[in-house]
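First chain written, first letter: the chains are A, B, C and D, and each begins at residue 1.
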């Protein structure tokens, strides 16, 4: 059993999409009205995978995680070195990407990413998550998220460049900024990525995040998803670990109990600077069957 | 020099985004009006990467291309086998993806993907495309595409399940169906993926596609991008190769000369069945710095 | 329980090395005497990982297996294209390899590679083989194999270029050729790789191999390992599968019951042509902690 | 042109194997006599690729290099979680390895790994080293190395646990210990890996290595290869870089000018403790066509 409250069974006994079910067509259509200028912002961190250079390490990431690797299987250098073109003169560049998205780049967590006990969200057996992928609650069930995004620029609200590492955003602070409507995506800015430029050691000294109370409050508002610019939605302690109790662990509160998808490591600095509190939020993870999540480029349409 | 007509210099001497520059905010805002019901369709083929199973080979792909590989670095099986949870009982599933997108999955081509001579689109030196990535015209310049999508259901228009392998869609046929407005995304259905289910040998016996004439016509309409459900926009011959002259090669006509991004290997069967000719088209490739393209999940908002 | 006879417990209750334990220093020293000329032959198939070329598919492999991928993260093309050297003029080439060795290249199977029931060789719990690797019977326990190799050139013995796909080598045929001494490595030539050059379809139509009887006979001779040039030691049927009963499956007979390591997909054509029946056999798998096996380059010192 | 002395042309205008050509059969046979007890030691560092654990980072490596990744595509956990066996009860564990060997694990450098100017060793065009691999001087030309190994336990000779980071071993010190014969492999112990256990920061503060003078002296003795336990044969400075002039860079002296292959990041602590100065040295890199090197498990047969 899981602690109450939760969304188990709410969307049906076989549901694997959680609160994304709230994004009915009428809700999506209504969300599109949040676009007022049509400016499109990418909310993705860059993926730098040139392994024989320092580039990969220049993007914020959790220490110890395997960084992206990007390889060119044919490129302009080959032709400069004498490779013959295809046919009359066609030249091609081709590449491959290796990515472990959790903790290394902008990504969405699937509902199968974390759980406690023997069951995933909605009682699906955790034993269905195996080497060949998660046959329940994998990222492929997301499809595409199109919703109204509500920006919680918490440091902006507090007059700070970024929240301190130990800060856990209380529900009341969110409520001061805005109350989301069912089906909204709460986009929470901590500003923590700006610390990376200043000091990696500081970036790795912890992370600010949402408090359990705030997570529960967002769940009670029936958000379709929660997005943030930190690497772990509930923050991390001084050793880079999440150390809340099972009851208060935000991944469990949101993913496991409420079926609320999480999107982490967004780049929100431009969005915050735009001064918009509502916009169209789009997230389309790769359709990785059985994936625990996916790297992605979320968009804000202003 | 490149054959005329082309878009070199049109968007500035340093431009690396081509006709995506036509997607000004006002154009995007207008495109959003194409959404009438709010239903969201994913246009992505599944990514099946369980390498110790037949699954990877069950997704349409070009023969000989390296298929996606998806690995679980920790999963439910570990816990079933006795692995201890984290802390009081937190359980995690984590994974990695290896993907060479060209020819294996739904993807967007960057402008650096193909060229002739020593220059990429807009005269950028092809020598800038090196092992560490393409420092010109990489996929990271795309950001997010939000545009009006125009569906060209060519086999539907002809009363066929799918086009034959040798079919090259003439401009006149596209024009019969619709004339796109500047900034639109032409979404071309050949129906070829349905052949896969019937016979792999047949799938690999060639591919229908756009004729050079049709490509030029779309370029003349100033489309922001061209998307299709085949693996090569201009089709493939009986040996699985594109054999047009340099003048008529569609990748060169569209990517190289006109800076028109291409999206290939979409899944369009649901979209065609929806009977909608216009919709909101969204494509947000991974922000791979220096990438020749990216796997992605394009969306149609009906 | 496993069927008798077997080597469980023979080398101690915690043993994870099986008959490699027979390679005591005195045995190794004696094995070195098999070298009479000092000529060194590599017994490895080439690893061709250039993914944007047909090269990977030109090496014999089991259909559907993910082929090796080899990427250059910096190469001569970069410098030809204008990349600056390091310091005064140092130039570097660097690369990465992705390899799934089973069925794709010359490799050694660890004892954890196959089993039946809930226990690996010597009763080690199969539940100890998890996502992070095999904590029992992994390939790292092999260290280095230096032994007397005994060549069983079965087609040569029969006056054939290669054995037919359906051939299962009987014990008697091996015995006609040679009787190995304890600690020897039986190197079995089927000649099947030569079929690859002629026809892939034929290569994939099955594989010759050792009969269960022959496997048991080798086990009774206390061989340190068994090596062969086919992709599955006991052969494969017309559908590319091993279909013996559990009792007769050679991987179970050799790996699981007798703790005899297997090395598959060797290139033995040169060795057979050398006309030597005994030689020094060396196999040093990569020390992959928890690996189910390893690609490797076995050597024959004549 | 390259500075004299060098081995360009010495083994023929097309030679790509350098001083490995000295390992004629008679030399190999003679080298085998160095085995006196038959004990076999592995000289490889462990490869730990469990990416969702701290294990990969526990093996000495150069900072910033992409560490090995090892994934199980099917394992005991799957069966514990309910996966059905194959046929009557066959269970399989299968895996994949991703490895960038330079700077991360025990490996051999190919002659194409480093050069200056536009030519590799023996004048082969550096432009032949492209995205699809090095078509000249790739690691596949090595085959198998079987030679007499001569241990230079430099810290042992000096009564130290390990050499200090700034130490560059002079030729005279090597000469005090032993003079290798043509075709020998010089195995140089710096002891630097033992620093890793004590402090990573210290490990990364530089590396001891051979002086240019010592490299030239070894080249003049016509060694078949040089092996060491540090991550860069000539040592590294306080910033983890090799900063010698082109004339004195050891990779250039050995690989580029003399065609002497290098093997780095060996584990030599056991070998040194064995107190043996001569032994049989075996190195069999993976036959990666066009590889800049290969991970491997070198052996010492005592």
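Note that in this section a contact is a pair of C-beta atoms (placed from the backbone, for glycine too) under 8 Å apart; a residue touches a chain by one contact, two chains touch by 3 or more.
For clarity, every value in this text was computed on a predicted model and none was experimentally measured.
J.: Going by more than half of the contact pairs matching by residue number, which of A-D, B-C or A-B reproduces the interface of C-D?
T.: That interface is repeated by A-B.
J.: How many angstrom lie between the centres of subunit A and subunit B, each centre taken as the mean Cα position?
T.: 24
J.: Nearest whole angstrom, what separates the Cα centre of subunit A from the Cα centre of subunit D?
T.: 41
J.: Roughly how many whole angstrom separate the Cα centroids of subunit B and subunit D?
T.: Whole-Å distance between the two chain centres: 43.
J.: Listing for subunit C: what residues touch at least two other chains?
T.: In subunit C, residues 50-52, 66, 69, 71-83, 92, 94, 96, 98, 100, 127-132 touch at least two other chains, as defined above.
J.: Based on which chains are in contact, what kind of graph results: line, ring, star, complete or other?
T.: complete
J.: Quick one: in the complex, what on subunit A touches subunit C?
T.: 50-52, 69, 71-83, 92, 94, 96, 98, 131
J.: Any idea which subunit A residues touch subunit B in the complex?
T.: Against subunit B, subunit A makes touches at 23-32, 35-42, 44-50, 52-53, 55, 66, 70-73, 75-77, 79-80, 85, 87-102, 106, 112-118, 125-134, 140, 143-146, 243, 245-246, 249, 251-252, 280, 282, 284-299, 301-302.
J.: Name, in rising order, each residue of subunit A that touches subunit D in their complex.
T.: Interface residues on subunit A, with respect to subunit D: 51, 54, 56-57, 64-67, 69, 72-75, 77-78, 81-83, 98, 100, 127-132.
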